[in-house]
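Take a look at these structures.
Shared chain: subunit A. Partners: subunit B in the first complex, subunit C in the second.
Our next item is the complex of A and B:
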């Protein structure tokens, strides 16, 4: 018989991890869905958000900002910086390759990834930085076997919030209709008067903003490190592929599936964690190349 | 054959081979240094990996982000066989590495070649991450992130490791040994790609649908090409293990695959000999960029972006285009609309 508090802990951990995964992959997925580009630099935008937020908290935040602002302002700035980078990258580097084969697009984003990774090293140095006061200030819930940090619920809430926001944006607004139209048939959308070019920039910026903001919120919980970019990108891939490229519902369900799968494996056989995640990805791609919810 | 015909058929390869053969002599004369010889050896090893990778990209039209996997399988085969069985005969080790990378790439190829284009790239990436996670996690066998040390080995049954120090070994006998393997492998790949098999593979690249219609089993051809590509990459990995003296899980990470992709593009992926030139240049650029700055990935990234945007033919591709010849490759066509139409759409559809 499993201990109820361990069960509760695993339940929360699964939710937390799923939320993190959703935050990582939803931006990537949105960008793929509309632009048909897999942005390999997505993880670096995430890392940029993380570093900016922690740096702000260390340099200005903890003394001069009132406490509730800790949880809002630095992450928003982190997201804004990521969005700013996206706003520069998309028109200059990505726009020229839209008409070229997908492989070229992948290679450009790979190049951007290399550049951004080193820019981060150049600006912030190689030492991981952390500002975890906001995380500790929130306190813990006593679950019997362990103390569970309340901040984790902020992350879970954020994931849910972004999911609802994206759903609302895609299905209940004019902008969302244009997004879906462009995703379905670009030239037809253009013929109908959608400014596809601007729409793509906006999509890319929005996806990057989510990545930067998510990175910031997670950095408060953990630490901002240089390898963050690549690590998170690879996880976001797993979710994307599991759920189906470009499908929002897929990203949501995929994040839950992978999140709970990871909790289960960590409980039963921790060594196999990474291996199993990738094996599941390969397995799902074999059975359903388009992913669980990918359209065909 | 007239010189010009040799050039039209083999491109720059004879020149390159001659240069590589005389490089140690040049080093003795003081034109090059021993360090350059070492870099050239790395260049040959990466050149082999790039050549193998380009069987898929240049000839098959498939971009793999997973060639680190087969490189690592080759390298780890050498390292573990030495570590656990004390085999010091490099021919035996290379044969074993070829066998293991053949098996692994044939198996992975079955999975990956079900996809094309962007799905293929991601699938190959996922597969290499499995290898990476495995080498990292089964540390009791692979040494984990510390890796495995690989000493210098006996070549052709002669136990040089007992008479020579490592630097001398690497810059003399091992250099020529690598050169021999390099030339043999390049010739073999050249023959494979100029056989009917190679021509058919290029047909599947240029128009998948048409190739299928005239009766070519496209997926089987891709699978065979994948296996050949992975096997030669494994051979490069085996040489790398001895040359580097140390194997670590980083060589199985997808970022390492990026290096192979980069050097192939630098040399020109729509040519046969591009990756060979690209590899040597890549090794030298990386070395000197690393010497001047710790931000060498920034340099590589900037070069990569520039190349894709305005210089996607690469060095040899540009040269051959200027000369109006195409050694070792049939057409220079871009992929057709028919292939582009395969991309799944309609994903943001409601309920989709």
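Our next item is the complex of A and C:
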């Protein structure tokens, strides 16, 4: 019989991990959905946001910013830096290869990934950095046998917030209509007067901003480390492929499925936790090669 | 007659020329000697080709003529090194590299090794395949003379046999799995390792836990012991040996199912922490290290795991000291891989530690970890061994002449006395662990109680085939 506190913890943990997975994959999915580019640099844009946020917090923020601003300003700056990098990368490196085969795009984004990783090493050094205060200052909920960190609800809320924002943007705005039109048929969208070039840039910048901001918020809970980019990329791909390439709904549901399965398996049979993600992915792809919500 | 005269004139001319020549020669010679240089005998190498009977094979034998000194090469000594320079492992890898760099800087500042400057070639340590590939490049392309480094015990058993095969004198500065000298390189010739072996690490952590937690009644004798470890050689061994020793020392303890997580593959430990909380343990044995431990302890505070269980860590204080903040709860066993914590031995009684630590801080803006100390000492021991070998052979020694010196070598370093055991080339020094807490002198968590254990009490003696066999031979109720 599972202790009620542990049950509650597991319930929250499932939501937390699902939220983390969704935040990792949503930007990547958005970019793929509209631009048909698999952005291998996504993980390191995430890591850039993480590093910038933690660095700002430990260098300036904790002393000079009022406490509530810790949770807003450094993560937004982290996201903005990632967006700034995207603003440079898209027109200079990606645009010339849009019409080329996918291998070119993979190579370019892989190159950008390596350059960003070395930039992080150059700027911040090899040792992981962590800002602990914002995580601890929020306090904990006492559940009897355990606590639950209140900051985790920030991550859960952020995941939900980003999901609602992306849904609203895609289905309830004129920009979203243009996004969907471009995703379906670029030439037709252009013929209908959509500035596809500008739309591509905006999509890439928005996807990268979400990555950077997500990295920043998660780094407050964890640490900013150089291998974050690759680890993140792998997880993001799993969710993306499971949910269906380019499908936001798929990413959302995929993240929830993987998040709760992980919590359950870790609780009942921890040895299987490592292979769980891969098993789920393989199982779903065998049954539905296009992913849960991917188009054929 | 004229012939006689001519002959006499020629004779006098020849003698005169000889005298002048001798005078010039002496003057030149005295100039060389006055510059402080010695006349060095040249090594004479005799090569003889012998065709074996039947002519099937041709063997070339090279014989070095005895009694002549070998000159010191004028080229720099190339030293290769591999460390984890980025990611969660850099918390241990970088201080290791710093220690080696510091030793080499001191050696070069003092004139090099027998006058030869030391050139350090650093490469990334990574996954095992990549690490071995880089090692081969160092050997085959960069033509290194000696090799140092490695952090991960997943890597030393792969690089060790390569070093033996390529005859590269190697001093591993970590990667301390017992399997290296028990299985991967059972009869080492070229490979040595300076830091204490992992069985000693597991045993020291358990012994520290028993002394501080069990014997003082902080936790009950029948405490439930949970575990979380990285899922590779190190984590598996620490779980196996650590729980074996806890059971030996306190037979009543209950060992619960452990968690194994991918090394540096998990940043969110919420599921693992919840699973541990569900076990309701009194003690948590963990060998998470580097970035993994930093994430884990931070999230454990958030979930209240420190309230539930006392931690026994093998590497809680294993990385750069500043990486574990003052937010780390006090009163838990904070391991240093059973090797060294920079405030011990006490600086007033062991000034060598003070000098080293302060110099390390000056150079790298952080206090030394056990990795830094181990790498530093290995560099200085290596230099000392070459110089001793040179003295014995009367010339510049090759690897086979340095090895016997290292095999019998003891050295006083910042951590105290360290020596290599001839049989397995493993370094031994008194084992250290301690209790974490706060000291206003430092802006990070530090050891408030250091526990130093004679290494003989926590490591197998030479006659045991394996460390596990020795651990199992110990009596119930054993105390280190």
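Keep in mind that, in the parts below, the second predicted complex is superposed on the first by the 296 of 296 C-alpha atoms of A that agree within 3 Å, B and C clash if a C-alpha of one lies under 4 Å from a C-alpha of the other, contacts with A are read in each partner's own complex, and residues count from 1 in each chain.
Criterion: contacts are C-beta pairs under 8 Å (C-beta built on N, C-alpha and C of every residue); 3 or more make two chains touch, one makes a residue touch a chain.
This structure is a prediction, so every number in the text was calculated from the model and none was measured.
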Subunit B and subunit C placed together on subunit A: clash or fit? clash
Exercise for review: State whether A:231 touches subunit B only (first), subunit C only (second), both chains, or neither.
Suggested key: second
Quiz item: After lining up the shared chain so the two structures overlap, which partner does A:293 touch, if you call subunit B first and subunit C second: first, second, both or neither?
Solution: first
Does subunit B (first) or subunit C (second) touch A:39, or do both, or does neither? neither
- With the two structures laid over each other on chain A, which partner does A:19 touch: subunit B (first), subunit C (second), both, or neither? neither
Exercise. Touching A:203 in the superposition: subunit B (first), subunit C (second), both, neither?
Worked result: neither
Comparing subunit B and subunit C in the superposed model, the one touching more of subunit A is B
What is the contact status of A:242 with respect to subunit B (first) and subunit C (second): first, second, both, or neither? neither
Self-check item: Touched partner set for A:271, first subunit B, second subunit C, both or neither
Solution: both
Subunit A contact set shared between subunit B and subunit C covers 121, 271, 274
As the complex stands, subunit C meets subunit A at residues 85-88, 90-91, 93-94, 231, 257, 259-262, 264-265, 267-268, 270-272, 274-275, 277-278, 280, 290-291, 294-295, 298-299, 301-305, 307-308, 320, 323, 325, 327
Subunit A contacts subunit C in the complex at 2-3, 6, 9-10, 13, 16-17, 20, 121, 125-128, 130, 132, 135-136, 140, 142, 145-149, 151-152, 218, 221-223, 225-228, 231, 262-263, 266-267, 270-271, 273-274
So, in the complex, the side of subunit A touching subunit B is made of residues 33-34, 36, 38, 93, 96-97, 101-104, 106-108, 110-119, 121-122, 170-171, 179-180, 183-185, 230, 234, 237-238, 241, 244-249, 271-272, 274-275, 277-279, 281-282, 285-286, 289-290, 293-296
Subunit A partner, complex, touching residues on subunit B are 57, 63, 65, 111, 114-115, 117-119, 121-123, 125-127, 129-130, 133-134, 136-138, 254-255, 258, 261, 265, 294-298, 300-305, 308-309, 312, 334-335, 340, 343-352
